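What follows is chain A paired twice: with chain B in the first complex and chain C in the second.
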Partner chain A sequence: MSSRTDLRATLTDPLVRQNPVTLQILGICSALAVTTSVATALTMSVSLTVVLTLSAAAISLIRRHIPDAIRLIVQIVIVASMVIVIDQVLQAFLGEISRALSIYVSLITTNCLVLGRTEAYARHHAPLPAAVDAFGNGLGYSLVLLVVGALRELLGRGALFGHSVLPTVDEGGWFTPLGLMLLAPSAFFLLGGLVWAIRSLRPEQSEAPEHTPPTRTAEAAE
Partner chain B sequence: MAAPERNPWRRLLALPNESRTKTLLVAFLVATVCGVMVSGATVLLRPIQSANRAAEEQARIASLVQGIPGMAGLLDRSGGKLSTVVVDLPMGRAATEVTPAKLGTALAEAANWTVLSPAADIAGLGRRPDFAQVFLLRDGEKISLVLLPMTGQGYGGRIDAILALSGDLDTIAGIAITNHSETPGLGGRIEEPSWQAGFAGTRTRDAAGTLRFDVARGPAGGPYEVDGITGATRTGRGVAGMVRFWLGPDGYGPFLDAIRRGEF
Partner chain C sequence: MTALWTLFLTAAFVDNMPLTLFLGLCTFLALSRTPGSALGLGIAMTAVLGVTVPLNHVIYHTLLAPGAWGWAGLPEIDLSYLALIAFIGVIAATVQLLEMVMDRFFPAIHAAFGVFLPLLTVQCAILAGSLFMVDRAYTLAESAVFGLGSGLGFAVAVVLLGAIRTRLAYADLPAGLRGLGIAFVLTGLMSLGFASFAQMASAP
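Showing the complex of A and B:
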């Protein structure tokens, strides 16, 4: 019984409470690059979740026999192979989207999120919890990607999944697309806004300030 | 105490993780398994991928033809199928031994490429294949459209395009950029339909038969020019060089002459 609730907590914790992107700020690079539309964000999320789950399970299976001296290389080799397989599958069956994602699928290899989970969790846990944890983290990443992707596509093109939602001025509607939303900086803004929103709702996530600015009274005295 | 383990696999697993033998063997096994997985996926999926790419190419050619005013009806009448010909470029006629299916193999051989002299190499290619696959659209017996794939050197890398020439072999009917790596927002705008629309109706040769096509620096001036893109002078020069090279004597020139003589 308790193991089941444990598994559920492992799965749901990374969604918001321990979200890898908004709390641990991992995997930002791809989150910026692939969120110009929901379709690419969704494909990237699914690819990352699959890679993460499979490699966590594989690494957890052989965790007792990975020599410490070469453990990072072993992990990277396993992750990289999974990524290549996924990339080939995408190229074969989803050619259009694979071109839109360009190198970012291959860059899943270097996504700190993947190595972070395999190094921190899969190496010390049995395959099932490791896979569940990886899947949960993948979902947490996907959640952020989809939210940012949906906002960017909606505000930048007035569309969702390529279907027009807000009729744009070009098509005779009223909505003027915000070109900025399609550029990388807007992903930073949205991500920052998201982190801010989550941390206001869950103050326990905010970090203690490392430095305290000098107080105003001292300035006034000068 | 149990008898010493005979099974070599168990003995390996029982070794301490830090032993040199185990480190080497684990590294080797992981590399082998991953290698098999990657090569397996690549080999198994390659046929699907190349079929996809071929279908994409076909769809792009179809959409290029569909986008040219008045061509959609013509394409429907001829059954929506273009005929494909592999051209022997130096001879200017249909290649007898190389079929579209064998073209890839033929181009893998260095003997089927011609090194270009710097003076002739206005597209910056270095060398040019001796065979190229072109597409012809016929209206009855007459050729109404010739689709010529071409390659040039832009600012950021290779530019691949398909140029559509009308039946008079002089007027451009349209262009489709199939691949490029130009700067997004500057040279990358060559993939925008609004820029490509400028090609339709542009003439390539004057009355004396001299190649006059060019990409202007700014708005097009005269019937032989298309608009330039601001901030992308080298991309424009690359496109102009590409079109001039491939329509010239080292490109499709002999082939176009053969069509004029009525050999196709």
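Showing the complex of A and C:
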């Protein structure tokens, strides 16, 4: 049976060591699209963590009753129902942020992170570890989102959560906002840099070269 | 006609799914290691988007849209909150059907591209195509053109990235940047390049 330490490892592993975004290549789409400000990044993180935890627990509860052949459809329908609930809640109570996130909340349905974890973990484990694993992965995802969101808002607008931190030139300060930070390419650069930083600290994560150049003959090398 | 052509080009290049809207990035990065697999993914994407967006348009406007049940004397029924589940179901069914048709009639193509098809059920770009169609209130013709254009744009981008990544054999990268890291940086550079299409579109 899983002991307390196992549960803790399940919870903390996905934070950096097994981070869903930087190592498992899961859930990248939304990680980049909603990070132009910390507020949207935070809303998205919370929504995803809630959906992920609830659906992992639900799928784990009925895991012995789902026929193997149609399990994807069953899982997607469960996830989609959760997403509809979250989407309606956001529209009701956080109208402005809900509009800023536009369709990306609905897209949690097809976020590969959700389906990846339910398929890889929740399907084979009891509800409690499944929920803990899902919650840990949600936190790992949130961590990446908040770091990227904070960097982009700070460098792009000189603000955090909409409050001015670095006084910009327009407001009589010294900081010239980097407009590029609010555009699509910078998100890729930041995430690439983040992956590089994590893998420099944890070399065991780095990948083997994907392609090797054709070998030269001995005289050509001379 | 001109409007449709503009929509096609906009969907393919200006609003490029992976590079400017960040959609479908998981498969975009995972399957672009070689141009061959990238081409397979691109073709499958174009086919599925081209079929599902107009199909979902029909379903949304005959069954789910506010007032769609007016003919049955129930004009106040609004089922649009069910759109998400309906779209996902249609996409899953279309992908399954496409796979079976290809397996039966074009086994060679199925052997080459078939492995990518099941992945597309949970591809955010595909679902986003249908959601954008509702959001932007496209007509049936527009949604067909939009689906094909987005699929083509995805295919172009993923094949380009696959070709660039093959050339990385000649680059001596730092260990931490290999694989995913450099793929992100490359995608960022391509995204900068595609941003110039947006400039061209907004120019008079």
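The rule is short, and it goes like this: the second predicted complex is superposed on the first by the 211 of 222 C-alpha atoms of A that agree within 3 Å, B and C clash if a C-alpha of one lies under 4 Å from a C-alpha of the other, contacts with A are read in each partner's own complex, and residues count from 1 in each chain.
As a working rule, contacts are C-beta pairs under 8 Å (C-beta built on N, C-alpha and C of every residue); 3 or more make two chains touch, one makes a residue touch a chain.
What you are looking at is a predicted structure, and each value in this text was computed from that prediction instead of being measured.
When the two complexes are overlaid, the chain among chain B and chain C that reaches more residues of chain A is C.
Once chain A of one complex is fitted onto chain A of the other, the partner contacts of A:77 extend to both chain B and chain C.
When the shared chain is aligned, chain C comes close enough to touch A:199, but chain B does not. Once chain A of one complex is fitted onto chain A of the other, the partner contacts of A:67 are limited to chain B, with no touch recorded for chain C. By the touch criterion defined above, A:88 lies against chain B and chain C together after alignment on the C-alpha atoms of chain A.
Residues 73, 77, 80-81, 84, 88 of chain A contact both chain B in one complex and chain C in the other. Per the touch definition, chain A reaches chain B in the complex via residues 62, 64-70, 73-74, 77-78, 80-81, 84-85, 88-89, 91-93, 95. The part of chain A that touches chain C in the complex is made up of residues 22-23, 25-30, 32-33, 72-73, 76-77, 80-81, 83-84, 87-88, 102-103, 106-107, 109-112, 115, 183-189, 191-193, 195-200, 203, 205-213.
Across the complex, chain B meets chain A through its residues 13, 17-18, 22-23, 26-27, 30-31, 34-35, 37-38, 41-42, 45, 48-49, 52-53, 56. Listed in rising order, the residues of chain C touching chain A in the complex are 19-26, 29-30, 33, 81-82, 84-85, 88-89, 92, 121-128, 131-132, 135, 165-166, 168-170, 173-185, 187-189, 191-192, 195.
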